[in-house]
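Both of the next two complexes hold chain A, though its partner changes from chain B to chain C.
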Partner chain A sequence: MPRSRAALGLTAQAAEGRFALQRCEECGQVQYPPVDSCRACLSGELLWTPMSGRGELLTHTKLHHSNDPFYRERLPWRLGLLRLEEGPVVVAHLHQECPPPPAPVRVTAKLDKAGRGVLVALPTGDTRDMSTDPRNGEFSCDPRFRKVLVTDGKSRVGQALVHELAEAGAAVIWVGQAEPWKKYDGQEAVGKLPQVTVVPLDLTDERGVMRIGAEIGARVDILINNAEVHRTEGIATRAGAELARREMEVNYLGLLRLAQAFGPAMRSRAADGGASAAAWVNVLSVYALSNYPPHGTYSASKAAALSLSQCLRAEMQDSGIRVMNVFPGPVDEEWNQPMPPPKLAPERLARDIVLGLRDGVEDLYPGDVAREWVERWRDNPKVLERELALEAQ
Partner chain B sequence: MNDLLQDLLAGIAADKLRVVDLTHTLNASFPQLSLPPEMGQALPYRSEEISRYDGRGPAWYWNNFTLCEHTGTHFDAPIHWVSGRELPNNTVDTIPPEHMIAPACVVDCAEDAERDADFLLTRGRLEDWEAEHGRIPAGAWVLMRTGWARRVNDPVAFQNYDEIGQHTPGPDVGCVRFLVEERDVLGFGTETIGTDSGQAQRLNPPFPCHYYMHGAGKYGLQCLNNLDRLPATGAVLITAPLKLEEGSGSPLRVLALIASDP
Partner chain C sequence: MTRQDYKGVALVAPVTVPYRRYSTRDAHWWIARALAGLLKDTGLNKDDIEGLGISSFTLAPDTAVGLTQHLGMSLRWLDHVPMGGASGVVCLRRAARAVQSGDAEIVACIAGDTNHVDTFRRTLSTFSRFAQDAVYPYGSGGPNASFAFITDWWMREFGVQREDFGKLCVAQRRNAMDNPYALLRKPLDLDDYLGARMIAEPLRLFDCVMPCAGADAYLVMTAERADALGLESVRLLGAIERHNAFPDDPVQVRGGWEADRDELWEQSGVGPDDMDFFQAYDDYPVITLMQIEELGFCPSGEGAAFVREHEFAYDGDCPLNTCGGQLSMGQAGAAGGFLGLVEAMRQLLRRPLGRQVADATHGAVSGFGMINYDRGLCSAAAVLARP
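Showing the complex of A and B:
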């Protein structure tokens, strides 16, 4: 467990795929490990600052023994001391292809199986593919060779996800379909992929979700929950709660039903050797962070889903299943047609989700709109709320 | 006990009268009426456990279920349609209970619907039917038998959508006006998801069965089962909707009493 609140800062940065350390605003010293006040001048003005990732490997060692069952199964394990370009000397896990010291390395921050931020050193050059080292594969949730469930294969995002996963080398892709009598363009092409098995899945149907969970739950390695109901209504634009209830039934309660049907089996298979259960992905929305009034009830349902996914993540944490929340801005799909560009292409969203799985991140803000939105939200959530209210007028 | 009631019970006990269940089982995959996506939608049938002899209730099993007034085998009251909105006793809680037991005339259109999913029942066909079976009595149900119930386990075939829309059989305008204006029937029943045909929004007026039947205080029955077990005439239907305040319709158990030897 982290010993201080400051130490969780590294985890929070790694959760979004960033390697950052605290830099002292007074004297410029970069801090490692994270602290509450500057080691050099005792100032409390410490700002999390992205690191270049360039470092030099000073020494390395191989762990041949561990009391920790996780490491014991994965011995020998390479560790090293390295000096960052920014100054500090840090401890990091070493990718097996890192040359012996002294050697330049690329330093990244990853979440380990327990969800803690740790430093991982890679050889310089393009080694996005963490899985070339089976041990470093522990930091990734690469869909290659894995069995994936996409909960809605009909929508444009769902179809793009299935194609992207097939491209990424997923071994099996189950594709959920609700209301089989409604057909969507492109649906047939998805069904024809050799990896794909279409399964009836309607997140409003508790018994149906439990049934599919019983049938395939013990084999699902990655679950991507993209099923949603999305309409463009606020409170005053639509009488009654019928529509809002349908959004909640799928976007919020649907996640709860899925988590109860699939969560336990996935948790128990997280350390299942090479073909382990690895990740749970919720496709949320940036509107989960702050209500976008023209899509007001939808925003509320996504905020509820975000809160529930935090509960899911906490419950999954000790198992090693990564819960990744995805916060796209407006996606170029049916119910966003009246919105002006820029809109996120479903194909781009799908690609970013697969990259996010490979990188093992926990929170993903795909596209410029989402990144700009989350920056504004971080800067001042109250100001963002007011801005969105003005935009809605 | 009154002799009439005694005879009825004796008839059932001696298997001289049979009770036929015209109702489909409600489950989560039962095909649901589906409107254009920007409109309000009818909830499909869903059931969630409250407890099953477990920590949530150790000695008992029960469920909460949700559904629309128009889910599964169901009854349409006149207030369902705008044409019937001002009529007296137009809701399921106010319709006279005497109307809940009534004779039925069954018009066999199974071969026609097999040939053409958009088959429309006409006045001419009803006149042919009357020539064979006699005049349709006032206050009777007219049931359109199409064989559609056989599709119920295949929701895609039951709904029968293509890029144009839904293709299911139903009555045409002349048929409905004849039944309402010249025969004063109690209502119209079908095996499909609506009393109107799948393409009835293209008729004039759109959805004529809803428009004229409910406008005249008549009722509707939808998603009926086992119509092939009924004689053309002579069956008596028991159709008691739930007593929902201001209800526009209701799922219900539809029973038919028939004589076992015709």
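Showing the complex of A and C:
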């Protein structure tokens, strides 16, 4: 489906969970639908600006007919025409608990199943997400009642994810372990959860990954790939490519193997009603955006994984599987021990990932460090590169 | 500055190529059939046509330019009017000025569209940039959703009832009963209308037009020329158009005619009460009501009362869409924007498709088109008379 470049700006904002519209830098008028020049003064300087989200429902309808097969299976479908506090009148998906017009509503921007940024009107009050309206679950990838695979259940992040997913109501949690015979701290607590099944999963073992994909791939609704190898090396600190190869084998090629083993089955189940296949989560690193020299080879492997996950997202787009990339700063675990704080607690990372799934976002920067990094990177990637080089000295 | 009048402009040879629900032909075929119809009706040769005005949604990748080769025409005046429901009157305005100025002596105005099985969905999803960015992703309901918003608003703001809309639709269907070209000729009563399948609340099936294939056409020339050729004609008394009127109305309550209607009636030298019929653009009944109010048949906000006090079949006191309108004929793409105009010509020439309005000498035609985002942007109207 074609979309204008201006409208993709709305999608880019919604991908990070923001509702922003273009605002004219000359005269201040807020524009909608997205345009190339200000409707009032014709200025070409338009800046994506966060909206208050306050709106008034003017008129509404309930579709009982659609020209698109996706919506045909989900009728009747509620829509509203609403006026935003900032001025524009917008068409929006309407949550079923919104009262009839005239009524105040809360407007948010979400990604729909096709990955398009769209506006969704919610009742005012504390409805955090769309999950109270089963139809509007289309905008969310809530783990509740879903079957989830966590590719590495042994790391601290993996354990935190398993507990958080259980808390969030996941129906089944498959926990991958590269060496299932090895004991580790926390194993008992994870094993006690009734939803948990341990599966042998070593991302460097191509046939093994294919075998597990064939076994459970047709049932996985959400795949969270958190498996990684993380060494703290630059180029000059160690001779040879062996450690870097191990990072690439898991961080980059492991993602490729997983995508080939699980992608097709998940794609084919994305349109199922109810608890359908919904999301693919890659736990990357904010170092994927710009190389952090003390963790130079690790950064490179995460950059490769980011690039590949963009390919995965493009291939998944038509099916409706949300590919969510997570860019944490340093996480408080083994390989980051020499790093000074602040570091992101694994529990906090796990909680943010589950919230991100509920909100249906596409790019997640959990924690203050990650958010600061991405701001600096957006402001000027070249300047950030130089700053990081200085830090490394 | 007053607008120059349309004195001496004549309309000749209303042609409708019988509509079909679906067609495997391209728009080019339908337009060629309409041109052939114009020539057959008048005895003119293709070479006599000096100007061509075209309206079509399904001509892509061609425009009117490409058609000159398809139709084998050498022209000194060419226009492409992609204005949907307003295109009939807008084409007429353009052609009238060409004829008055001598840029072209005879202009053929043609609208034609095909309807393949997937045409409607494709037209919807790529209709406009705003539609593809900000309307189609919302449930893909097409114009039904936009008109449902407008209808819901009118019902709450102005106290219009479903029965009022139904009265208009039922009268139009009665008008269609003897029209062999109408694709929908099954009798329709108010209960059928009220109980029809829900499409987009509050719109039900008989509020919505049915997409189809078809073509409509007419010729524009000077009255002098028409008389010299021995061709029966009708006269253009006045015509207006307006685009993106009233952008600050949060929901569309005015289509645009209000901005120009006083000039229309002044130019025409007659008023709403002098009209023997009204051919309104009837994609949805709320738009018909909008036209009745804005063109001054009744005061603003009193459309519902007006509907309750009048009768709209061909034999009523306020004949409306006398061939059955698009609600009965089908909506043949841009040809839907020509239908009211050729029907008005037929009534004045006493050559109706179906029933004749007795002693009709004056009639109004109105067009409305292009739901670019949340509302129709183009409005137009013309007043025609029997000489």
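Operating definition for what follows: the second predicted complex is superposed on the first by the 388 of 393 C-alpha atoms of A that agree within 3 Å, B and C clash if a C-alpha of one lies under 4 Å from a C-alpha of the other, contacts with A are read in each partner's own complex, and residues count from 1 in each chain.
Keep this in mind: a contact is a pair of C-beta atoms (placed from the backbone, for glycine too) under 8 Å apart; a residue touches a chain by one contact, two chains touch by 3 or more.
This structure is a prediction, so every number in the text was calculated from the model and none was measured.
Asker: Of the two partner chains, chain B (first) and chain C (second), which one does A:246 touch, if any: first, second, both, or neither?
Answerer: A:246 contacts chain B only, not chain C.
Asker: Should A:202 be classified as contacting the first partner (chain B), the second (chain C), both, or neither?
Answerer: First partner only.
Asker: In the superposed arrangement, which partner chain does A:182 touch: chain B (first), chain C (second), both, or neither?
Answerer: Only chain B is touched by A:182; chain C is not.
Asker: In the three-chain superposition, say which chain, chain B or chain C, touches more residues of chain A.
Answerer: C
Asker: Touching A:79, do we find chain B (first), chain C (second), both, or neither?
Answerer: A:79: touches chain C, not chain B.
Asker: If we overlay the two complexes on their shared chain A, which of chain B and chain C does A:348 touch? Say first, second, both or neither.
Answerer: neither
Asker: Return the residues of chain A at which the contacts from chain B and from chain C coincide.
Answerer: none
Asker: Taking the complex as given, what residues does chain A use to touch chain B?
Answerer: 179-183, 200, 202, 204-208, 231, 240, 242-243, 246
Asker: Which of the residues in chain B end up touching chain A in this complex?
Answerer: Residues 28-29, 31-32, 34, 38, 40-41, 44, 46-49, 155-156, 158-161, 163.
Asker: Considering only the defined contacts, which chain C positions touch chain A in the complex?
Answerer: Answer in residue numbers: 120-121, 124-126, 129-130, 132-142, 144-145, 148-150, 152-153, 156, 197-203, 250-251, 373-374.
Asker: Within the complex, which stretch of chain A touches chain C?
Answerer: 1-4, 6-7, 32-34, 58-68, 70-71, 76-77, 79, 81, 83, 89-93, 101, 112, 114, 116, 118
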